[in-house]
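Down below are the structures I want you to see.
In the two complexes below, chain A is the common chain; its partner is chain B in one and chain C in the other.
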Partner chain A sequence: MLRFALRRVASAVLTLLGVLALVFGLVTAAPGDAAALAARAGGNRAVAVSPEALAAFRHLYGLDRPVAERFLTWVWRAVRLDFGRSLVDGQPVTLRVARALPTTFALNLAALLLACVIGVPLGVAAARRPAGRLDRISGFLCDALFSTPSFVVGLVLLLVFSGWLRVTPLFADAETGLRGFLLPVVTLALASLAFVARFVRVCVATALADPAALAGRARGEGPSEEIRRALRRSSAPFAAMGAALVPSVVSGSILVERVFSLPGAGGLLAEAVFARDLPTVLALTLLSAVVVVAASLAADLVTAALDPRTVREDVPAAGGVAA
Partner chain B sequence: MTAPRAALSRAALAFALFPLLALLAPLVAREKPWVSGRLGETVLSAPVPFDPDAVDLDRRLAPPGRRHLFGTDELGRDVLSRALHGARLSVAAGLLASALALGLGAALGTLAGWAGGRTDRAVLLFLQIVQALPALVLVIAGAAFLKPSFLVAALLIALTGWTDSARLVRAGTQRLRNEAFVDAARASGASTARLLFVHVLPHALPPALATLPYVLGSAVLTEAGLSFLGLGTPPPAASWGRALAEARGLLPGAWWCVLPPAVALFFLVWTARRLGDAFLGRRGDVQSRLA
Partner chain C sequence: MKKLALLVLALFLPACGVRGKSQESVVRRRLEGEPKTLNPILATMDPEQIVLALLERNLLDYDEKLNLVPGLAEEVSDSPDHLTYTIRLHKDARWEDGTTVTSRDVVFTLTALLDPKTPALTRRALFDGFVKAEAVDARTARVVFSTAAAGRRDAFNLPLLSAAAWAGADVATHPRNRNPLANGPYRLGSWEAGRTLTLVRNTQYFGEKPAPEQVIFRVVPETAPAFAALQAGDLDEMRLIYAQKKELDAKAGMAGAPRVVTFDELAYSYLGWNNRLPVFADRRVRRALTMLVDRESIGRNLYGGLAKLANGPLPPAHWAWDASLTPWPYDPKAAEVLLDEAGFRKGPDGMRRKGNLRLAFTLSLGMGSDVQRQIVELAQQSFRKAGIEMAIQPLEWAAFAAKMDAGELEAWAAALNLDPNPDLAVSWHSAQVPPVGLNAAFYRNHEVDVLLERLKTTFDREETRALLARVQLLIHDDEPVTFLNIPLTKWGVSSRLTNVRTSPYGLFLFWPGAAGWRTSTTTGPIS
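And now, the complex of A and B:
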């Protein structure tokens, strides 16, 4: 178990280093280096900057050093959460990200909770009678939700609840408080809800079809006891489900924050891309990778604890599913 | 794996509607009449007689009516015409991105499965790295460095979508590498290329091919998200994602600008997923996607 855990941690660290290298490679390979970008940051048009000034800038920021040395310096700074200053307002990137994170964190957590609170009972209810009415209807609805991008769900909800019924605000701000959070959370939850409901349905249906369930029924277990045991037997895949949800929730929250103009990390990323604010883009990209890798690592460890058979397998669990 | 043939053809027909729509859009939705008289008068106009980019500032934000069936947008452009032309972008992006993703996945999967050892581990690590980044984040980060264009968007989306097919092809290649018929071909002096293309890939590729509709569906969704953020194909090309972003600013009025692109986007992805389900002979079963 310990060896497995250590190996998984090492693999996670290696993956994150790979992400760092990939991102660094993108920056290095992109046309125009930071000096040229900074010269342009003031406005859209390139300002005439003398070659000497550019060279001085490059020297100041160490851009004239070899690539390997720059990479190591950058990794060392990233580990200490130092991502430099934003090209937009000159504030430290870490500060800007930290200010945006609580919104995103609250949104994602609330959405995940809501998705599980509704999705798990729905999946269980559908699994009790495979191909029954509830199973067919919920299957159809989940399929439809899978096919709808979160921002479309958000727009339609906005149209109905803010436009026609006028029960929720069109733009969330400090005054609207929690009411402004309602639609974003529901929007983000709906996409995950479909996934959770279908996943739980498959797991529980499999567990109910198991000989163990038949044995339980023969011992005289009631329906609720039967479901409880089925849930318990399929608990290991649920951890994988949690990890698989994370990338799609992160992707979804970028769009949802944009739809509802919430001041979160997703909105910050979109803004930073527009402003070509590379330090902020890099920090947020890394952050999302850390979240995904950490979730996948946690899921693997939980799975290993729940089901020791998995430890023997050499293959790390699949990290994500197409969002 | 035995899909009922009728369900498969139904799903294929429903999905084929969209490429057809994309191909026919310039014919169906255009200002130039189908048949003009000798004096230039209209004898038979196109069903949607508006160019997608034709600005009509006198009729801005007109609600659905006789003249504009689905109303007009902020610049007085016909919403229906733009939705029809938007199909071109979404379908093309989906097809190109998923084809590229399949190609990349097949190449890397074959390489990993065939070579094994260190190469295999390197490819797996690369796969893990790509999966560590949520698809949209990777695409957005890439878009930050490159000039937005149709091709860049398709390439970036392909860069995120190849992992599933790579896994499938890798597993197939590993399984086939030591099969007797491959050994026989090798013993009779077949080159590596011949072994791969004639003996291995025809068996290793179909499972990945069957997932192509899903890859296409999520590619379309990612493209729409990218366009929604303003990082996709630049204006004035009609795009569903951007149309929705523009409509967001017009809420709570102008609901007619939201619904056509939203519904079209939904049906394109939905029919693609149905086609994938029909291929695999199952319905909405998510667990096997996780494996």
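And now, the complex of A and C:
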């Protein structure tokens, strides 16, 4: 188990470096540089731009240095948690990310919890009677939610509840308190809820159709015991689902943040990409990648603890065949 | 259950009364993006300029007719050879901390602006030929240049940095960049990152005090929530798209409904042609392309009739615009004749060729504008009927801008915004082709070059007007790009705001601009 964990950590570090090098390469190779974009003032203005000022901008942020040197310098500083200054506003990147992250984190965590609180029981209930009325209705609603872009859901909620009915504020800030976050949380939760409910439904339905469940029923297990065992047997896929959902807690949702005028990490990343603000892009990528890798590592370890066959090369895991 | 219902009521009811009595002297404004800096010499983006317009006076300000009028400076005079400018500061001009605005601040600002380490992207070029700045006395500064330039007075539409506040650190990364010292009608009260900037009345301001006590700028990137907020009274102003204007027009006269303000700006939309390419080298082809685009229909259908036809490189809002130039008409038949004359004849497949050269090209556009995309699609249909093959390539804005700056685009759709006294050489002089300048059309006309050079040293207004008229005529005849439309700018303004004036430079970037606004309960300026 320890060897397995160490091997996964080592591969996670390599993955992180690979992701950073890839993102650095992509943003550097993309047409457009931060200095020229800043000079364009976000549009097309017929104004002479001084070459000296452009050179000063590039020198200030080290854009005039060789690409490899810039990457290695960034990695070296990042190891010491110095992510440089943003090319957009000259502020330390750490500060910009630290400002954006609490909003994103709070919103997405609350949304995830809400999605699980509603989605898990809904999925279980639907799985108990496959093709029953609840299964069909929840399936239809989940498909509808899944296929509707969350910014459309958000916009509709905003216009109805904030613009028309005036029961929630249009903007979230200190003045409006938690009420301002209600609609964004619901919007984000609805997007995850469809996924959670359908995933849980499939896992639990599969577990209930398992011969082990049949044996349990033959032993006279009641419905609640049967569901408890089905949930337990589904814990490995649930861990994988958690690993897939957790990264959204830091990466945020660009469009939902825009609709609700919330300054989160999603909007920050979009702005940084469009402005070719490489230090901010890299810092946010690193953060997301760390969470993705950590969540996937945690899921692997949980799965390994629940089903040790997954880490033993001599024993086939469930559904697998030993070589 | 009862308790739960009460809790829900407690949670939601306060939303119905967000605005209280104390909000009456507060103006709530929209920013489409957050300012990146409030350092006035580094600021380039609209949100920054809009906020700074209330925080800082310029040495000279533009009035609503775009004349330069006294601001922080009572007077800016130049020597007969136009090489030395003497700035006489207003005797009462003060920073928000009560200290006097002095010539030392002028010298400090210019020194910082022209420091090779300072990335003053858009202001620095205005001071080409700068030799030195010196303080003559506490209120008088002298600025010396090595060459005379006709547009130089516009460079003194310049805000100042306080030498005392900004000294001692690199201005590019100075902490004051987010907390500037104001000398204008308002000072920065607070800045909640990504959400709001609150300005409060500057008690030290030397001029007429603004009526509203506070201005709250809220960052609202999306137009739909902003429009809902405007209608609900949570915002007092915002730029409108045509559909929103129509919606407000339908509510005109209803109590409390926001009103619509429209005005001409110094801007126009166009289709750019890379004149270097053989397909665009002949001006008959370029004229034909223009004559194939039904710009009146575009103005009618896409801009709801709120757009004028562009006839050249200056829009009607500019003082030297030549109204006598008739825009090229929409005339597909005449266009086809021009294409035939230029040697591009229709082949058996219906497409035009001149020898082996097909009349085919790719037109790029930056993503984001639906109207621009529709214009391009209409042009594409019209070109196809005339035997011209145009592929459309939407590009992410940064990629689009980079290709334009590098002169790599074959054809493109864009809108151009001009300054109050634009230097046309930047866009049309043959020496200003990429990567040096903005002449992405690679337009070359020797006479235009000569005239643009002369304009740089012509100080007489009527002579300037005559030269600009000739430049407009030549460019109109050459049609290096297809000048499309000048859409009217549409703004939604709360019914409680009064004294809202407009200028060709927008609602905010002239004096007094938004500093002169009043709310229904703050009827007069505070003296």
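Everything that follows uses one rule, which is that the second predicted complex is superposed on the first by the 254 of 323 C-alpha atoms of A that agree within 3 Å, B and C clash if a C-alpha of one lies under 4 Å from a C-alpha of the other, contacts with A are read in each partner's own complex, and residues count from 1 in each chain.
Note that in this section a residue touches a chain if its C-beta (ideal position, glycine included) is under 8 Å from a C-beta of that chain, and two chains touch if they have at least 3 such contacts.
Keep in mind the model is a prediction, meaning the values are calculated, not measured.
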item: Touched partner set for A:R85, first chain B, second chain C, both or neither; value: second
item: Partner chain in contact with A:V259 - chain B first, chain C second, else both or neither; value: both
item: First, second, both or neither for A:A127, with chain B first and chain C second; value: neither
item: First (chain B), second (chain C), both or neither touched by A:T15; value: first
item: Contacts of A:F274 with chain B and chain C, given as first, second, both or neither; value: both
item: Touching partner for A:V27 - first (chain B), second (chain C), both, neither; value: first
item: First (chain B), second (chain C), both or neither touched by A:L54; value: second
item: Touching partner for A:L231 - first (chain B), second (chain C), both, neither; value: neither
item: Partner chain(s) touched by A:L158 [first = chain B, second = chain C, both, neither]; value: both
item: Set intersection of chain A contacts, chain C complex versus chain B complex; value: 30, 155, 158-159, 162-163, 166, 170, 258-259, 274, 276
item: Sites on chain B touched by chain A in the complex; value: 125-126, 128-129, 131-138, 140-146, 161, 164, 167, 214-215, 217-218, 221-222, 224-225, 228-231, 244, 247-248, 251-253, 255, 258, 262, 265-266, 269-270, 273, 283-287, 289-291
item: Footprint of chain A on chain C - complex, ascending; value: 11-12, 14-16, 18, 33-34, 36-37, 44-46, 116-122, 124-126, 128, 172-173, 177-178, 192-196, 218-222, 224-225, 228-229, 231-232, 234, 396-399, 401-403, 405, 414-419, 422-424, 426-427, 436-438
item: Touch list for chain A against partner chain C, complex; value: 30-33, 35-57, 59-60, 85, 88-91, 99-100, 103, 155, 158-159, 162-163, 166-171, 173-176, 178-179, 182, 258-263, 267, 274-276
item: Of all residues in chain A, those that touch chain B in their complex; value: 11, 14-16, 18-19, 22-23, 26-27, 30, 139, 142-144, 146-149, 151-152, 155-156, 158-159, 162-164, 166, 170, 195, 198-199, 202-203, 237, 240-241, 244, 246-248, 250-251, 254-255, 258-259, 269-270, 272-274, 276, 278, 281-282, 284-285, 288-289, 292-293, 296, 316, 318-323
